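Written below as structure tokens is the structure these notes are about.
In order of appearance the chains are A, B, C, D and E, and numbering begins at 1 in each one.
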Amino acid sequence: MILYNRHHWLRAIWHFHTGKTAISLIKRLFFVGLYVTAVTITELTFYDIKLSYTPAEFFGAMGILLSLLLLFRTNTAYDRFYEGRRTWGALVNTTRNLAVLYHAILPKEAIEERLYFAKTISNFPFALKNHLRATRDFTELDEAVIGGIAELEKRSHVPGGVVSQLRNRTEELYRKGTISDAQSINLNTLLILLLDINGICERIKSTPIPFSYNFFIKFFITAYLIVLPFTIIEEFGYLTIPIVLLVSYVMVGLEMIGEEIEEPFGLERNNLPLNQLSQMMRVNVHEIFGIYLPQVEKQAAIPDFMVVS
Amino acid sequence: MILYNRHHWLRAIWHFHTGKTAISLIKRLFFVGLYVTAVTITELTFYDIKLSYTPAEFFGAMGILLSLLLLFRTNTAYDRFYEGRRTWGALVNTTRNLAVLYHAILPKEAIEERLYFAKTISNFPFALKNHLRATRDFTELDEAVIGGIAELEKRSHVPGGVVSQLRNRTEELYRKGTISDAQSINLNTLLILLLDINGICERIKSTPIPFSYNFFIKFFITAYLIVLPFTIIEEFGYLTIPIVLLVSYVMVGLEMIGEEIEEPFGLERNNLPLNQLSQMMRVNVHEIFGIYLPQVEKQAAIPDFMVVS
Amino acid sequence: MILYNRHHWLRAIWHFHTGKTAISLIKRLFFVGLYVTAVTITELTFYDIKLSYTPAEFFGAMGILLSLLLLFRTNTAYDRFYEGRRTWGALVNTTRNLAVLYHAILPKEAIEERLYFAKTISNFPFALKNHLRATRDFTELDEAVIGGIAELEKRSHVPGGVVSQLRNRTEELYRKGTISDAQSINLNTLLILLLDINGICERIKSTPIPFSYNFFIKFFITAYLIVLPFTIIEEFGYLTIPIVLLVSYVMVGLEMIGEEIEEPFGLERNNLPLNQLSQMMRVNVHEIFGIYLPQVEKQAAIPDFMVVS
Amino acid sequence: MILYNRHHWLRAIWHFHTGKTAISLIKRLFFVGLYVTAVTITELTFYDIKLSYTPAEFFGAMGILLSLLLLFRTNTAYDRFYEGRRTWGALVNTTRNLAVLYHAILPKEAIEERLYFAKTISNFPFALKNHLRATRDFTELDEAVIGGIAELEKRSHVPGGVVSQLRNRTEELYRKGTISDAQSINLNTLLILLLDINGICERIKSTPIPFSYNFFIKFFITAYLIVLPFTIIEEFGYLTIPIVLLVSYVMVGLEMIGEEIEEPFGLERNNLPLNQLSQMMRVNVHEIFGIYLPQVEKQAAIPDFMVVS
Amino acid sequence: MILYNRHHWLRAIWHFHTGKTAISLIKRLFFVGLYVTAVTITELTFYDIKLSYTPAEFFGAMGILLSLLLLFRTNTAYDRFYEGRRTWGALVNTTRNLAVLYHAILPKEAIEERLYFAKTISNFPFALKNHLRATRDFTELDEAVIGGIAELEKRSHVPGGVVSQLRNRTEELYRKGTISDAQSINLNTLLILLLDINGICERIKSTPIPFSYNFFIKFFITAYLIVLPFTIIEEFGYLTIPIVLLVSYVMVGLEMIGEEIEEPFGLERNNLPLNQLSQMMRVNVHEIFGIYLPQVEKQAAIPDFMVVS
């Protein structure tokens, strides 16, 4: 994610244009440039097919329909981006709430239990992050009991494994009487949320906008850009080239940003800073339990300069 | 559902255009083609009725109203599609949460109970899927106790039967004391969700957009396409034919995709991959309970090449 | 409600145009037709007041504002229609959940209690339906205990009475010990929903779109249609008449459908099939309790041909 | 609120135009009328500054931006209106649910307690209504125990006081054992809602649309209306006056209705009928508890002719 | 926040234009003014590059796309502003509900406990406010027990510390038996909300609109304003200057207000009055507990003249 502020505006623009999406955008603009230059030179030199008398109302209506479709695309992509953000926000709340509640419930002397829950709760965001980014990396997880990580490595669905570890230990304490009926009910309302959050993220990741809409919008933009130079060449002359490029930049750009942010869990420039959020949760949870965490971990939770992954 | 990625773009387009909706769309475009060809030839050869002086503002305003109606159609259809997806996502979460919770609650030695709940929880998505697709197929269900499937076969509403089996066994364990008060309350918050999910899917399936809107939008598109060739023929000549076809492709296409995705539980190209999701839930639930599942079942949970049903 | 499918398209259109709303729409179109014919003949024969030079941009901007207002009208009406549907869907879920839960909680031998709850739960949708349609009809209710219906007849708010009957019997069983603490809490989460659903329906029914908006949109359409013929008559001649009628059909039609569906509990063509839904709930609830229901009741739950009330 | 039906359409229009908002609207139209008349006469007699060659595309684009802003204004105002209505609907549900639950929980012989809760629950809507309308009127409240009203009079936040009375008596009964653990939990889920509802209403009341947007839209409309006559005068001549008035009526009207309904708890024509709703809750609650209420109270709950406060 | 009413309209406009955003807006308008003056003088004196024949349909379509993007910007910014307001509204409800519940639960003689909870609950909004405004100011917090503030000062996440203090004391009372099972469950549903509210505010603060959209809209407005003078200069002459300034005022203004209100927790003119809200919560909570609060505190809860921070 690009964290921008008013004073580093230029640097932010630079970062944006060096991202994968932007490079791919520039490639496409290059092809548009080739096409429109060829058309312009051909038209202005040999006067072949001229469509300059396109009826205003017709072309305008198509432009409006296309604009509305781009708005639809932008809205749905942004909703997905924001739902992803909201869900990770809910994860922040849930991990903190769990920490506060376990800390208050556990008897003063239960240091070992506190450590167990601090580590296991902190593992969940990392497990979820790696699950969403389809990497099976266990180095970021913190071993709560001997064999805990090994147990997770056997699983295909790791976040579910972490929740199982939390649940099993909690029910054990419940059977022992350390956790009462009421406390079990209170914890349950929070523990349920972990797998809900996990499922929402999986859904966002696995369900892009239906293929038909994706195809239609791309098709429509292409058709619009192919026809565009013919309709303005008579009045703009060689200015047609920069103007078509500008329009392409806006339309293709809008479409590509939509594609990028609708799956916000990757490592692209507009994606969410899952690394930093996970680290922040670890710091918060340990602080609440009153457990020491090395300074280097705390540092990692502070957003770096501008590009955060 | 078509699972597309950037590298198989052409193949995805091919799959899209061989779907039932696309074939039906192509049929309609064929009739539009016949009509516009007839009009163009007649007009350009015999100069009959010419409407080329359509006042721009009037036709433009109609185009905007039609565009806004198409946006409304697209929005409501997409909302329904996405609500269906969200609901099946909630089902994924709920089955996992139930598995984690039963697994933690049941005493270590209760192997038989674990097997019962693993199978019955896994049956629910399959029962719901078949209920939504209006097929009474019990071969995908896993018999949890002898006579369990036979009991379901007597029911008209099968998903409700599966929930009843879960509830009855749970209350039995509660009466025996295996499940405590607090655990009963915790389980209840999850068990309620199963029938809620079932009901939401039934609602989406049984309530299309009100007939009047469906009819109005179709009527409006037809009227627009009938009038369109007359208003552009003077300036476009024989180019009128491809242009009207293009506009038809976009407008009729948008309307038909809306119709397809607003009931997302079928087997169409843009519908949800209920088979695969159900299989995935079975795999997840068994993993959480630590119960062996044959490799062939796990394979079935991985999305196949591109067209997933 | 009109249940339409692709094969009975023409019949569905016929049903739509014989509904009360459509007849009222046709009446209005008749007046529009009279007006536009008078204007056209006068203009084309006596050349009185001609407004053909209406500035395009001005009239176009008004058309856009009107289109946006119609979209606003359509959106809010549809939202209300769909909220009504969602609420009745929630009622389906709640009655099934209540049936499943009471069935699991009650001891095997409590046949009488089962019958009581099956009948009383099934009564709620019918009571709500009649309350919303402002008819005090008790014939569809099923007497659960002697005097049960008579007690309801004394009430002004019948659905509240049915819920009271459910609650009172439940608390009685709770005091007896048949229902435990946890079960009471579990039942409560569902019983609360019944009056919530009831209240949501009452709200939708009693709060149409604010009068000012209703009036403004009607006023705006009227003004637009009065001015329209003058601005297109020069170019269209006698074609003005069908064209103005077409535009009226779309605009007045959109507005009237909005008015019809924003209160979706009536008996109009686009309203919800409350009869059939209530009947379906009765069938489902009885099946879950394992209680025999005559075949004729089951038949009534299946949607009839196409017009369902 | 104006309750309108199809048969009293004219009377409803009359009521609308005698409201405070409408009178203020007419005042503004009067100034617009003066301005446009002055401009028209000056222009047509002395040919001063003529802007008739306003480029269509430019003025059209501004009109679209303004239309979209008006839609934004209308949408946010309506959302607020409807959220207010939804919240009062939730209050109806909550008071009924509380009545049903207390009635079922309390032992048969606890007549006095029933009376206490019936009166105190019924007091809440009236207290909230007066709080929202910023009047400290205690005459509508019903004294549940001697000194109850006096206690409320000492408070600055009266609705909070009523909830405190409910809570305190409930916890007292809980300590006595009349209310069990489970019942306390069940009641709590409902009692929480009262202050939530109260807070939502306060929020709607105290947070209008941000000042900047309010100012911008007003500024934009004014600028548009100032320029409008110059751009159409050449083609419309003296017809400019009624046309500009018409446009003003729509634009200024939309903006003013938005301002009126975004704070829907007042006594304006489009505001919510809080008096009647509160009275209805009192009637419902007393019916559920089976407590006699004088006929005059029941009458007051029925909406009067058309203007309901 | 500017609290405006109809009678101080001019003063509110003045306050708006002296805010930081407005000053920054005026600066930008100044540069636009320089540019457009230069262009106008150059064009009208030396007739260099003239673009007056911009095809209407093309420029109009771009204007519509830009308008739709501005609407998207305005909608998302407003949603964020309103979500922030809603969240602080939920905080008001939760603090009141907690106060009412603790007050009802605690035995009559527990004066000290009441004082503890009144102070600690009241501290939460202030801690959250300072956390959101990134100031570590503890002077507004009220010391509930000796060392309470010192404990918070050690924390990096202060609001979490306040919740921990509430939770710890509550679980202590639960272990002592002062708070029963049911009461613990009831309190839990409210205590969870505090950290949820905290997390939602942090999310709004840390997630602006994705950089790409921010950049695109700014880029698009700039391009539009650069081209605008050339397309209208022929018809408007020297009037081009005020007209371009007017359009800039609207477009740049809309964009800047969006930027201001999308992070509504600052001290800008359109931001939320967090100081006053926090103070109001303190007054309400103390009133509910029946604890004396100095008059000066109550005064601070009443919104001052017009600019509230």
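Quick notes on this structure:
Throughout what follows, a contact is a pair of C-beta atoms (placed from the backbone, for glycine too) under 8 Å apart; a residue touches a chain by one contact, two chains touch by 3 or more.
Heads up on the chains, UniProt names are A, B, C, D, E = Bestrophin.
Predicted model only: the values in this text are computed from it and were never measured.
Centroids of subunit B (Bestrophin) and subunit C (Bestrophin) (each the mean of its C-alpha atoms) stand 24 Å apart. Subunit A (Bestrophin) and subunit C (Bestrophin) have centres, each the mean of its CA atoms, that are 39 Å apart.
Residues of subunit C (Bestrophin) found to touch two or more other chains are 54, 56-57, 60, 64, 68, 71, 181-182, 185, 189. Taken pairwise by the contact criterion, the protein chains form one closed cycle in which every chain touches exactly two others. Read around the assembly ring beginning with subunit B (Bestrophin) and moving next to subunit C (Bestrophin), the chains appear as B, C, D, E, A.
Contacts from subunit C (Bestrophin) toward subunit B (Bestrophin) in the complex involve residues 1-2, 4, 12-13, 16, 21, 54, 56-57, 59-60, 63-64, 67-68, 70-71, 74-75, 78, 81-82, 85-86, 89-90, 92-93, 96-97, 100-101, 103-105, 180-183, 185-186, 189-190, 228, 231-232, 235-236, 239, 246-247, 250, 253-254, 257, 260-261, 269-270, 283-284, 287-288, 298.
Every residue of subunit C (Bestrophin) that touches subunit D (Bestrophin) in the complex is listed here, in rising order: 51, 53-58, 60-62, 64-65, 68-69, 71-72, 76, 155-157, 160, 163-164, 167-168, 170-171, 174, 181-182, 184-185, 188-189, 192, 195-196, 198-200, 202-203, 207-208, 210-216, 220, 223.
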